[in-house]
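Chain nomenclature is as follows: A, B, C and D, assigned in order of appearance, with residue numbering initiated at 1 for each chain independently.
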Amino acid sequence: MSLELRGITKTFGSFTANDAINLRVETGQIHAILGENGAGKSTLMNIVYGLLKADSGEILVDEKAVNITEPSDALSAGIGMVHQHFMLIPVFTVAENIVLGHEKSGKFGALDIETARLAIKEVSKDFGFEVNPDAIVETLPVGIQQKVEIIRALIYEAKVLILDEPTAVLTPQETDELLKTMRELKAKGTSIIFITHKLREVREVADQITIIRRGKVVGAVSPQTSEGELASLMVGRAVDLAPEKVKHEIGSPILVAKDLTVRNTLGAAVVNKVNFHVSAGEVLAVAGVQGNGQSELARALINLEDHIEGSILLDDKEISGASIYDSLHAGIAFIPESRELDGLVGSFSIAENLILDLHDQAPYANGIMLSAGVVMAEAEKRAKEFDIRAQSVSDAVSTLSGGNKQKVVIARELSRPVKVLVASQPTRGLDVGSIEFVHERILAERDAGRGVILFSTELDEVMALADRIAVMYRGEILDIVDSNVTREELGLLMAGVAAKKASA
Amino acid sequence: MSEIRSNVEKRRFRGVIVITGLSLFSLLYFGFLSPGKAKTTFGFVLNNEWVLIKEWIIASATGSKIFSGISLVASLLAILAYRKRIQVIVPVGVASFGILMSFITWAASGKFIPLTGLLQGALLLAVPLIFGSMSGLICERSGVINIAIEGQLLASAFVSGVVASLTHKTVWGLIAAPIAGAAISFLLATFAIKFSVDQVILGFVLNVLVIGLTDFLYKKLLVPYQNTWNTAPTFNKIELPILSKIPILGPIFFSQSIVVYIMFAIVASITYALFKTKWGLRTRAIGEHPTAADTVGIDVNKLRFKNVMIAGLVAGVGGAYYTVGSVGAFGKEMTAGAGFIALAALIFGKWSPIGAVFAALLFGFADNLQSTLTIIGVSIPSEFMLMVPYIATIIAVTGLVGRVRAPAADGIPYLRGGSH
Amino acid sequence: SQAAKIKLCLALDTGGVDDRSFNEGAWKGAQASTVSTAEYLPATSSADFAPNIKKFVDKGCDLIVGVGFAISAEIVKSAKANPKIKYAVVDDAGQDCDANWNCKNVPNVKGLTFQTDEAAFMAGYLAAGMSKTGKVATYGGAPYPTVTIFMDGYARGVAYYNKQKGKNVQVLGWDPANPKSGTFVGNFSDQAKALTISKGFEQQGADVILPVGGSLGAPYAAESEKSKKSLTIWVDSDGYGLLTAGKSILLTTVVKEIGASIKSVAKDVASKKFTGDKYVGTLKNKGVSIAEYHDLSARVPGSLKTEVRTIRGAIIAGTLKVN
Amino acid sequence: MRNSLVKFGQAIKLPGLSFGLAFTLTGLIIAFSDAKVLSKIGSPLTFIKSAVATAGNAYLALFQGSIFDINLTKGHNFFQGFYPLSETIVISTPLILTGLSVALAFKSGLFNIGAQGQFIFGAIGASYVGFHFHLPIVIHVIAAALAGMVLAAIWGGAVGLLKAKTGAHEVILTIMMNYIAGYFILWTLKTSQFLRPGRIDPIAPEVNQSARLPLLAGANLRIHAGIFIALAAAVFVWWLLTKTTIGYKFRSVGANSAASKTAGISVPFVLTATMAICGALAGLGGAVQVLGSEHALNADIAGSFGFDAITVALLGRAQPLGTVFAALLFGALHAGGRTMQSSTGVPLDIVLVTQALIVLFIAAPTFVRFVFRLKKINSSAGLTSKGWNG
């Protein structure tokens, strides 16, 4: 089935997210779409899928114009989509999620789940997935959740499959599997639209590449195009992706975790007796696929988890069991994984967010009084120092773009006297410019003699910043390796293959 | 074992310890330390059941000892189960039952406790609460907070009373009530879904509106023209053949007014429909993650609208219980806050139909036990006895239930491609 | 002499004009008065009492009646400030008390109180005489003195019966010796709960039940008419004219003539015979009474009727004390 | 100047239309439930005339009962004509305080349905200290009010503590605790400490003169110093929320408790402190009611102040100033409603309908726009409270 978009334009208020976009996907083609954050890729796909309505333009399926105003229109036109933010009901089982929207009923209106269960098993077998139809989705790792989305599209025989950043949360091995699956689908005649930021993947699998910048198509190139060329087409200037890392002396251990165990509310150990340390002037990256305990470990370092056993020594002082407040003020800066949920109070102004941790300390507070003047003045300073771009520091933080939000978090956390910086997925969802900024700040902290613990699922980021890399798998640290490890070795470790290196 | 336990487990552990302590206490206090040789009589017969179970007469102290003993054994089993990390709910349930019975045996020393009647009364007191919480359940499972249960109950009680009075037919009252409930729902749905009004405000406002309107009309119409407007007849009890003659169960479940049977049917259908049918799957989906439901082709707001209307119908039948179902004439603000207790039961029951029914029954039981004890005479001030159901709810909520999680999208208007 | 009608104004207690209890009784009495035009104001909390009274003062009411003991203090206050207006207060003596609780009468306030227990005593005796199971019962809306005085008289009447007959008829729900506890609905509106409580009494074997609390007893009367398990006694004004269902099991009513007393105060004001003396409704002055047996007249044994009548005489004569 | 007038007009357009709509609908109900009006339904013109007249009279009475009544000045000084305004303020005073209690909780992300129970405890405490002790003037008032506030703060704080420790939902807790408080006051009034000597009525002795709040406009008007306490409380709440570190914590937890926790703010502390202060505010309402206008504690002292408080806070968008205005409006409607009932016979209960409609339309700007076919006019978003998950 072929899909053609003609002159699709979409505006949000005065902002044009899609500007007369033309695109053609041939039957059995893998068509990659590249573009910066906010370029308008998801918007375009949501229009194709009927979640958004285009201001103008038309959609043709097999050369015939179709009217897509609802997702159900897209579904019946044979268009399936795996969304950037998963569209699964967390409390449902896999089978229930698959059935949803396509229910068949038996006697007394009883829902037929069995058919779906069989179908899931069948598709899983065909493509070598391991998915238990009766598992509750929220208990599954993200990688599996994504497979559920793909299985759903396959079961309902999508002729055109849209994959919006499917590889962002996958291990290299899982990514390879996905690419394999895509090729198999292509062989069966399925057309695929593939959105990703990872140029290597594009070059490996795509038949055709379209590049979008600020809502416009700026190029249609072949997969033979070099990575550098692709990147500069995306951004509109030459990009230098690898940050500068100077070699320097690493100090003595400043934070030491001993037999650290973290349990979830059900009592299961999600972090199991891990041991590691980070030294002054060193970046320790904790790599691993999402769902292997890194999030909990990061939170445990400031006692944000409820059930922690073992010891955390900061500068030889035990902080395990201390309050969050005491942990932070003992000298840990913490950049949480989700800036929206845990990092910022959206309805507060930038200035107010900058003192979330220090609001009851001098100079921001005088007794129980807030010193509004000082708060504003300090906020102005921070905004300048950290390049927070906003009309005014009184703006609500929710009106900022992701990159600027993250800068607010970083500015706040680094304005205390800090010995260790714990950063959890600090660049997730950020655009290239912001990523550069964050990377520079992290390295600056390292160079200033702080210990940095970087939790990241991005291999490139880990490799670029880390001095040492700890790899987590199923709650345990499988190994701590040197930063000169290869991508492949790291990928294998993250997938749980304990390739003990001789050097360790 | 030095293994650290999770929060849930800690609470479970606390619960097990408390139960064991209570068992011991009741064994000592009710069983051994209470003087006297008085006997407690338990009655089981209410009507003319098939088998007239003989009254069970037991020396209070002995009875208390037996029940506390059962509860102590169950508590110990619970400890064992806990250590082996298996479900403790059954032994804890048995232990609680034992403690309760031990207490009742002690409190009713020298007196007569009609057990069947106690349970029947508990059920009756819970009837409007159950209807109300089912209405809340359907709304909130679809993502619309329903604080207007009180208003739904009151409006439909009013309408069913008036209609039954004017037509002299209970049936018409029963038919009109759901329509009134749905009318309130229509306002709730329209403002919440179409105009995205905050649902908490909306619910409160609708309650005030209904109270104001019914009070106003009551004075303007029902009082001056009482003989035509407010003389609703009530349904006769329907004794289901055979079933109503089953000892204990018969009088409780099968010798009730039609409204109670409708309630059984509604609870059963909602439980079934919510978890086993297409409608239920979709309803739960739009309450948890409306965007996801939208992407698979479900019209979220349409289904929400429909469900809020269904909820109004359900609450409406509950409203009819007040007039044609039990009392007859409409009384000013006769729902007396039941809508709020129903709301509490819904939250307490963790938004599950069975949970809400149990919460409502617990409330009804505590309330009826309280009045039964005052009837046979206890020396606790009546005001404190009247507090019992509320205190019991607080204890249950703080001690057993703890943190609850509402459907994730509950209360959030759904706007496609909107800001959230 | 056909004088101009006086203006009779009722400041009600919370609960509303249609509470099927003292507010409603007072309002009915006021409306029935031929010498006056009547109006009322409801209250949603005690905060409404003073402004309501003030409103009546401003409107030029000739007689302002405060309904309920709670409003008494405000009535007295207003009366002292407006000596030309006549006042009455239901269920309280309407006296002016100083900080040390020395109270004195206010000349333009008439307190209307009722020895309800005298009539309830008769009802209790009657109930005991009618009981086949040897158990009778009573419960109230909320534990207020105006409610429990019914229950007191009732229980003492039963006790008197036991003493006279050497029987042991039990009273469930209330014990005058232990007035802190007893059976109550908790409010005056939850009829469904009142019904459950009545059934609880029936399950204990009670076969005559006196619910004290406006219309709370109505659903029970209707139900009992069908189940034939017990007889009921109504309160305040004769239930036979009020009940739509349950007449056939209505034994009698403990009547408290609030309406009549208001009517008579109005008459006094109209004919300039008003005094500030306290009015106490008793059996003697017919301020309280028990109503007819109506449908059950045939079932009440003649001897019992006679005994009840004798008791009435003894109470009036002062030879029998009810408390 | 011109520009700012236009802006002002724009700003009040929606609220103005909302009020208009609410009063129109209420007027229709009043007219259509009137037997006299309905009897004229045969001839449309007289029907409309008499409908308008009926509703108009009712509203005139509403005004006369709440703001100013020229009739009252006859034979007195002009000042006396403001008796209705004094009444409005007397009713608004406890409403402001309970409204603030609910509003403050909203700001911390809590739904305080418990103002009723907190009010009761405030009234009990103030009453007891008020009649039982003999203290110097001023000090006595303060002591009595403080006693009420402390009792109510404990009662309210317990909710926060229970929520923090066990996760129990504050909506359930406060609903249940209102009932418990309602029975508790009944019991209290029957204890020997609270019974008046020789009496069995459940009314406590009146508080001593030294414990009463002074009247502001002579003995004829009931307006008392409580209004200043209420306004001061509103200023306090505003100050607390915007100027202090504690208020910062409250707002922060209210807006995003996860982020607040991550930044080291103690959520249990905030829950407990908020509910304790909410309790103290509602309790102060009860205390002011006893010390200012009622003087004697009785079982009905709380009326429905604690429940009306919720609508007041919602209408006031949980802002201190907004809450004050909303309480004044509700007080006026209540005071006026009494006059409406006494002079036109329209039951007081209709006031509830008006209140509900006003809050509804204010909360639904899109609906009002829809009704009046307005395109887009500036309107701040309605208050959004939070769902059950906080």
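In this text, a residue touches a chain if its C-beta (ideal position, glycine included) is under 8 Å from a C-beta of that chain, and two chains touch if they have at least 3 such contacts.
What you are looking at is a predicted structure, and each value in this text was computed from that prediction instead of being measured.
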- prompt: Which chains contact both chain A and chain C?
  reply: B, D
Top chain pair, ranked by how many C-beta pairs fall in contact: B-D
- request: Considering only mean CA positions as chain centres, point out the chain farthest from chain B.
  value: A
- line: For the pair chain B and chain C, the C-alpha centroid-to-centroid distance in angstrom is 35
Field: Mean-CA-position distance for chain B and chain A (Å)
entry: 44
Intercentroid distance (Cα basis), chain D paired with chain A, Å: 48
Query: What is the distance in Å between the mean C-alpha positions of chain B and chain D?
result: 31
Message: Residues touching two or more other chains, restricted to chain B: which are they?
response: 219, 381, 383, 386, 408
- prompt: Hey, what residues on chain D touch two or more of the other chains?
  reply: 183, 186, 190, 347
Field: All touching chain pairs, where touch follows the definition stated at the start
entry: A-B, A-D, B-C, B-D, C-D
Query: What residues on chain D touch chain C, complex-wise?
result: 71-72, 83, 87, 90-91, 94, 183, 186, 190, 196-198, 200-203, 205-206, 208, 222, 289, 293-296, 298-305, 334-335, 338-339, 341-342, 347-348
- line: Listed in rising order, chain A residues that touch chain D in their complex are 302, 304, 323-325, 327-329, 334, 336, 341-348, 352, 356-357, 359-360, 365, 368-370, 372, 412
- prompt: Tell me, which parts of chain C touch chain B in their complex?
  reply: 16-18, 137, 139, 143, 172-173, 175, 178, 180-184, 186-187, 189-193, 195-197, 199-201, 203-205, 215, 218-219, 222, 226, 244-245
Message: Could you list, by residue number, the parts of chain B that touch chain D in their complex?
response: 140, 145, 191, 195-202, 204-206, 208-209, 211-213, 215-217, 219-221, 337, 340-341, 343-344, 347-348, 381, 383-384, 386-387, 390-391, 393-394, 397-399, 401-406, 408, 410-412
- prompt: Which bits of chain B are touching chain C when the two form their complex?
  reply: 43, 46, 112, 114, 117-118, 120-121, 124-125, 128, 218-219, 222-223, 231, 233-234, 236-237, 321-322, 326-329, 331-334, 336, 367-368, 371-372, 374-383, 385-386
